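First subunit A sits with subunit B, and in the next complex the same chain sits with subunit C.
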Partner chain A sequence: MDKFGYTISKGRQINYESNDRWVADYIYEREPSFRLCIECGGCSATCTTGNLTKFSLRELQILIKRGENDQVRLNIKKCMLCGKCTLVCPRGVNTRNIVILAQQAFQKSNDYAI
Partner chain B sequence: MSGDVIVIGGGTAGMETSGQLANAGCMVTLVEKEEQTGGHINNWYHLFPDRRNGSEVIDYLNNKINSDNITLLKGITIDHIEKHKNRFIVKTNQGKELNADAIIIATGFDLFRSERKEEYGYGIYDNVITSVDLEMKFRSGSLKMNNGESPKRIGIVHCVGSRDEKTGNLYCSKLCCVTAVKQAIEIKEYLPDSRVFCFYMDMRMGGALYEELYMESQEKYGVNFIRGKVSEVGESINHSLIIKVEDTLVGRPLKMELDMLVLMAGMEMSEGGRKIAEMSSLKTGENRFFQGRDNHFGSNLSNIDGVFYAGTCTAPMNITETISHARSAVSEVLDYLKVFRK
Partner chain C sequence: MIMQFDPFVIPFNIGLYFIIIYVVVRSVIWFRELSRPDKLRLQRGFFGSAFALSIKEIFLESLIHRRILKTNLRLGYMHMSLAFGWFLLIFFGTLEADIFGAKHLNAPYKAIFFRFFNPDHGRMGFEAVYGFLMDLILAFILSGLLLAVLKRFFSSVVGMKKTTRLKTTDKIALTSLWLIFPSRLLAESFTSGAYGNGSFLTGSLGSWLASFLPAQQMAYPFWWLYSISLGTFFILLPITRYMHIPTELFLIFMRNSGIKTGDKHGTFSEVQTYSCSSCGVCIDTCQLNSSAGIDNIQASYLMKAIRNDDDASDIAHNCLMCGRCDQKCPVGIELSPIRMIQRRIGESENDMKNIYKGYFRSRQSVPIDLPGTTPNFNFLPESETEKADVLFFAGCMTHLTPAIKNSMIKILDASGVNFKFIDEHGGVCCGRPLMLAGKDREARELINYNSQLIWKSGARTLVTSCPICYKVLRESYYLDVEVLHHTQFIKRLIDEGSVKMNFLHKKVVYHTPCDLGRGSGVYDEPKAVLKHVSRLERSKFEDENSLCCGGSLANMKISYQKKNRIALDAAAELTKGNPDILATACPLCKKSFSAATHVRVADISEIVAEALIVPAIKKNINNQVSTIKELANIS
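Coming up: the complex of A and B.
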């Protein structure tokens, strides 16, 4: 039998006020083309990882910008850094570098936590 | 009003300006590089948003330039332009010299050459065609694939050579979204049992009756819209096309097999316009189109007194806008001639 009882479910909304967008700021500073995404999904369509696992570079970028960092932290590691996404981007976003910088940002924050 | 004006380009803008100037009493020399006037409309079957026949516009324009004040030179290009004391001397490729008090540049646009977007397979796969190829098929009355069969699933790719830094064109060509919707409707009229999918980044329906046409395409024709930029096109073993795109609103990559793919080619500064910019000191903007003197009240004025712009040599425009722009160019020319004649 299923567990029975009350739980407190976490709200679904993006809490823009309480979310900390520090990873986004970290990337904006080092890779200004991060601002240019128009969410066309070209990167995700061509992505080998994204066709096999739940990985969408387009989605990860917007999550970073909204400060939904927990979802990004786990998924960003799946990228194999092949750079195909960078080749198709119509806005010239250096998507590959964004992944590298995001990984770097998370690594640094872990260091700080220790 | 009198004055000699040379109009370079015999498309919509050039024909409209020539007719208006002739009506105002100017002597006009209209120079067209092709053997026929009318420009791109010659390649178009039906026009958006009301799907009138393109030939009606051609008839209107032909009627417009039917004037004793207009000398039409066909199959001629311009080799040299110079200005001497408020008179222009223009040399043609056939060595002829033309003189005028003012020049209107109406060199229009070229369609983006879709083979440059190699990953979409134009010129590689038989059933990848452009919006113009589709118009030709409509005009011939037969919408068939290369093997003679009717396509059952047709994809339409927006923004081919527009809004794409990889092709060097950052601007929106403005007309392709509504062209896609118009063509989707027409495909459904030809082949009611087919399924049509538009792949778009943003639906830019900012024109009179565009949004209504978009809604009609959904409501009456069941056209499907998928938000995502197609990243690549391949071919399966049975020669159907396979496209890869992210369905961004679902958030998952999508693979689809299609019988035919139509590329909405964007608009670029024409080759003829580019040559004129090179031989003169006329300024072009960052999108390579001619740069007007002021974005708000000087889009017909060039950086040289006496040289004016009309139509899509300055930016992507639809026919309605081109005709308005042509008429405003005429008003600028007449003002100029008035001052200059005093």
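Coming up: the complex of A and C.
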């Protein structure tokens, strides 16, 4: 059928209710300070990796909490664990442990597909 | 008629022969699992001076416990009385049985139960003097045992804040150990009481007991108890912490032969794990315990978890790696390297697992994900750098403390060396944080990147401001440049006369960073620099005994609040003398302490930069033309 030059784009809606937030739960259980994040972005601003490539811990934390794990899985191993983010965090979030735990969670689930 | 045998010696004999066979089998297994170079080292050590050294060390450490005596007199006395006392008792007991017994070269039980088989012995002359000696040794052991029992219930008796927690088999073994000497005392006393002899201890106790008890009949059960407790102790020995008694001998000999822990599980790390006697010195020295109240992760608990095959991952990662316990360990176990091995588990190829209810251990392959199908850090840019004589690598942490960075640039500029700041616009991490997390393979990628950067520059000297980078640059990089911490570099500039400084009339106390001091053995240069520019005061925590600021990157688990508590306590200790400046040589220490004290915290480079007399003309040996121009401008 003729579409008169228009296409129907795929839905860009994200249904957070149906997302599986098991990575977030895994981290909450082991590092309670994960809840303290106010998403200020201090960690991303100081990040050694972020200086060289597109990597934002702030974004990844938000994605983990939303349960959008695919994006996280692709990027989380870029972290160099240098620890600057932990030092600049105004809320005292143990950001390094969050990265390590997220890596662990993916490793345990055996779908570390990079 | 002298008796030669009695059924009660059977438990002791079973235990004794079991432990002898076990130790022989175990040492054969250990020897077989050694790597080839280590085997050669051991063989060379056996026929070399290492053997004599080991005998001396075994006497001083395993028997006298000199190092525990130095740290804690009462605890040392407790260990010494039990170890050295028991040794003397066996030694003189064997001599006694040989000299006074029915015949020479007796079975071991004859010496141990000498009084039972020779009840009439020791009435007069030399025999009585010898009996007095034996009683004295027994009294020596019993005094230590009394301390040990008290320590178990009130650890402050021996001057300790905390003592180690035990598992069930440890408790049974402990009880049997405690029973050995009192039951010997009672058995000998009753026998002496029945025969009316014995020296000051067994004799007097015996005659008193015999006054209201049937000594002849009472003695026999206690001889049984003595034998059973010895037998039980020997049989439980391999699966309890008391395995350290035979293992420590191997450890001392292996160490003197030049064997090192390395970075994988092996015989030496296992021998060290079993050499831990859970004395608890590491618990009292740990700042996580004294300041942050984390009391279940100390080295002796790690050793125990490894021995028992418990999950040691949390214990291994919850540590500042400050190395204070390494320094204090009376057995000299390389605790931090063992902890690092434990952190790598899952990443390394083999792991040890207990088989046969803990009496033996065997290697088990751990499946690991195969190395780098795709590298993690493929985003790293092409490494390019200009040629220079001296490289300055600030490191991630220095970028968080710009004052240190700027001071270093000021000093380097003033010194006139041809330098290049390689990570001026934010470089790549040195790799140590990844190594501390047990991710050596990932760390290798970063190390390769930085190495290339350094090679390409053609420099001969690499200066870094961060002790964390300094340690890894020295230990894990394969570089042909000289790696210096900035304090060493400044010391050299001062010695050469390249920089001139004013004397600051300020009272300074110096905090030795863990990775610089205990980690890399740099103690003197920072203090020499500080003495050159200021009034350096001594603190209670100098050199090997220095504190940790709590900010260490090695601890993955600790919360911000607990880190801060450690920093507060450490800063309070260091600033007791009211210094003007709390000096340190590490950006991370500076950051931790700044938040924990009102005293000004400064890195040595900042103090030096403050005292620096900046030359009127910028020295630059490589750019002679510009120097001439500048000179022309001035004149």
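We take it that the second predicted complex is superposed on the first by the 99 of 114 C-alpha atoms of A that agree within 3 Å, B and C clash if a C-alpha of one lies under 4 Å from a C-alpha of the other, contacts with A are read in each partner's own complex, and residues count from 1 in each chain.
Heads up, the rule we're going with is that a residue touches a chain if its C-beta (ideal position, glycine included) is under 8 Å from a C-beta of that chain, and two chains touch if they have at least 3 such contacts.
The structure presented is a predicted model; accordingly, all values stated were derived computationally and were not measured.
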Overlaying the two complexes on subunit A, which is it for subunit B and subunit C: clash or fit?
fit
Should A:Thr46 be classified as contacting the first partner (subunit B), the second (subunit C), both, or neither?
both
Between subunit B and subunit C, whom does A:Asn69 touch in the aligned arrangement: first, second, both, or neither?
neither
Once the structures are superposed on A, label A:Asn94 by its partner contacts, choosing first (subunit B), second (subunit C), both or neither.
second
Between subunit B (first) and subunit C (second), which does A:Met80 come into contact with in this model arrangement: first, second, both, or neither?
second
Is subunit A touched at more residues by subunit B or by subunit C?
C
With the two complexes superposed on chain A, say which partner A:Gln61 touches: subunit B (first), subunit C (second), both, or neither.
neither
Smallest distance from any CA atom of subunit C to any CA atom of subunit B, in Å, after fitting:
6
Which subunit A residues are contacted by subunit C in one complex and by subunit B in the other?
46, 51, 88-89, 92
Note which residues of subunit C are touching subunit A in the complex, please.
369, 374, 376-377, 379-381, 396-397, 399-400, 425-429, 431, 433-434, 436-437, 439, 442, 446, 551, 553, 556-561, 588, 591
Under the definition above, what is the set of subunit A residues touching subunit C in their complex?
33, 46, 48-49, 51-53, 77-78, 80-84, 86-89, 92-94, 96-97, 100, 107, 112, 114
For subunit A, which residues are in contact with subunit B within the complex?
38-47, 50-51, 56, 58-59, 88-92
Quick one: which bits of subunit B touch subunit A in the complex? Just the residue numbers, please.
119, 159, 163-166, 201-202, 227-232, 244-248, 251-254
